[in-house]
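See the structures that follow.
Each of the next two complexes has chain A plus one more chain, namely chain B in the first and chain C in the second.
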Partner chain A sequence: MYSSLVRIQNTFGFFTTVAFVIAALIAASDFITPRAPSVGMLKTTNLQVVRGRPHYYSSKKEEYAIIKFSLDADLSSLFTWNTKQVFVYVTAEWPSTSSTIGATIASNATANQAVIWDAIITSPSADHLSNLGPATLKKLRKSAAGKAIDPSRGKLSLKNQRPKYQITHPSGKIAETADVTLRLHYNVQPWVGVLTWNQGADYGLWSQLSGGLSRKFTLPGLKKREEAKKTK
Partner chain B sequence: MLSSLQNPRQAAAQLMNFGLILSTAFMMWKGLSVITDSPSPIVVVLSGSMEPAFQRGDLLLLWNRNIFSETSVGEIVVYNVKDKDIPIVHRVVRKFGLGPRAKLLTKGDNNNSDDTELYAQGQDYLVRKDIIGSVVGFLPFVGYVTIMLSEHPWLKTVMLGIMGLVVVLQRE
Partner chain C sequence: MAEQILDQVRDVVEGQIDFEGQKLAELMANVALSVVGAIAFLVGYMLQDIKLAVWIAFGGTALTFVAVVPPWPFYNKHPVTWLPVGGRLQHTTANLVVNEKAIR
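Presenting the complex of A and B:
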């Protein structure tokens, strides 16, 4: 009955039970932490469409949109003890030109979506995992020395930011596309538990992202620079 | 010692018990597969291309139904490339069109370029049916056991041996 084998089994069983219960409690604690992310400003500052090749050895020429933008956002309430990182991304969205496909499906979904800029904001507890050079990492660690949670990292302020990704359409044509909007999204990655994205409605203590949508704009023609109208 | 060998009734009961455990595990896996509509509802991260979000050995829970909205940009999906049997966990960064034929492009957060080079020859985009699920839940480290087992095959033999011994030697 009380052989060492049974004892080892019991110890291991108890350990896993405790570990899973603690993990479940930590994951559940996310839902009792209020979230109130907000975006003060999101606007385009410079629009440009150029011709280029998808990669060096390609002979195909495509049109690429370079959308510079400014952003002010406060995502600090997303940083809790269970936050490993917050992935912030800005998408450009525009409806389909051939409305035959889009008309049959729900109209609230945008036909074309492409990420133009993204950023990984790690919690201080996850800094050591990020893929940064030693100097940048040292600076990042110093900025939050002694802090396990640093909500100030959630305050974003970008001025005339260059896009990380120049976007195109499978057709190769993107110049003079109308009704394009920029939208800010976020994805909270926990240490353990459920992954969450910006939601379209208030759920319990989590309020939806206020703001985060730019005005509609039209992309310029090829190689013509155009100063975007100031939205606010 | 080896008492079960002398008592055929007990040996049969133990065999039943062992079979029951195996079939329960199999049923739970397949049940989860039906609920999530994914052929592989739980996957283990094998590469560092989504770091720092996911590291090797982390366990991901997948969901493959589009009840409220279709799979869209920003979701982390697991997909299989045509003719290759390695599932890849990456984020959707572009989507053109709507419905099952929408063109999706993926990229690993930790990679510099998108996945066009990972896709099959002549394949520029994924479609919905290439995807076996979107990541909804996360459990760290637990999956490292399977990585250990696949990288050190002798561990499998050792574990099976220990399990067999335990079954035979158990006297309850």
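Presenting the complex of A and C:
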């Protein structure tokens, strides 16, 4: 501590130690905050299977399932001071059958899982990081003006939501697939600490997602273009 | 003239302080940073506002730097009294006694 340079080095050195300890405490504070995410309703509203190409110049044609769904979920307890953003996604899952390639590759029960919809829900502390246009960002910021955290953003209500992604199967066949279910997943991304996903069990104060699984459904057959033409 | 100015500039940049001042500066830096960290965490947790916690921590650290780094006068209140040049003690009579003979 003899000269200014030594004092700068010592003070900065101890500052990094303090910063690390605070970060560790913040990460630990997650574990004393209860989590109780729940899904009120998750159901399909419209099912459709169409033929299409994976990309514009592809000569291969595949079947694509378009699954519209409705969702009511309350993930507000996931939003604490350490939450940066929550990634929410809905997957369609179905077991492999002998008629598909999947059965030869994987023998486990739910061999097929495909994301049909996702969303990033930012915490007000991370609004500036969201990939939005200026007008939408302004609106988002206004919605949480003066609030450090906004748990109401965790309340999802989707009615007859169009899927973001049309799904297919490596075999290219997906029509008339049976025992398909929709499942809601979440991924909490904190400012400091560990990433957490859906839990299979309750851990301490963190309860597992209640609900979050739709009833089993069967995808319809291909839409016949000829029939569609005839009805017109 | 130029040398004098350069010496002054070097003294300011180097910012030397005395031994008591060094002890005080180290204590102040450690205590201030710890207190700032504790306040930042507690306020952030109570108000559930992580950005506020970060600003408190950064602001407090900046204040700590201002308080500790420059050679403030209160770090130089105990200057070391050096022995005079040449090793002769002018103002004291030599009272060294070796084998009952005073050395002069």
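Descriptive notes on the structure:
We take it that the second predicted complex is superposed on the first by the 203 of 232 C-alpha atoms of A that agree within 3 Å, B and C clash if a C-alpha of one lies under 4 Å from a C-alpha of the other, contacts with A are read in each partner's own complex, and residues count from 1 in each chain.
The rule is short, and it goes like this: contacts are C-beta pairs under 8 Å (C-beta built on N, C-alpha and C of every residue); 3 or more make two chains touch, one makes a residue touch a chain.
The model shown is predicted, which means the values in this text are computed figures rather than measured ones.
When both complexes are overlaid on chain A, the residue A:N131 reaches chain B alone and has no touch with chain C.
Looking at the shared chain after the overlay, A:W191 reaches both chain B and chain C. Shared-chain residue A:F15: touches chain C; no touch with chain B. Using the contact criterion defined above for the overlaid structures, shared-chain residue A:S29 touches chain C, although it does not reach chain B.
Once chain A of one complex is fitted onto chain A of the other, the partner contacts of A:R7 are limited to chain C, with no touch recorded for chain B. In the superposition on chain A, contact of A:V115 is made with chain B only, not with chain C. Where the contact sets of chain A with chain B and with chain C meet, they give residues 1, 5, 191. The touching residues of chain B, when paired with chain A in their complex, are 51-53, 55, 69-70, 72-76, 91, 93-99, 103, 109-110, 116, 124-125, 135-140, 166, 169, 172. Touching chain B in their complex are the following residues of chain A: 1, 5, 23, 54, 84-85, 87, 89, 91, 96, 101-102, 105, 109, 111-115, 118, 120, 122, 126, 129-131, 165, 167, 169-170, 185, 187, 189-195, 197.
Per the touch definition, chain A reaches chain C in the complex via residues 1-5, 7-8, 10-11, 14-15, 18-19, 21-22, 25-26, 29, 80-82, 125, 148-149, 191.
By the touch criterion given at the top, residues 13-17, 21-23, 25-26, 29-30, 33-34, 36-37, 40-41, 44-45, 47-53, 57, 61, 64-65, 68-71 of chain C touch chain A in their complex.
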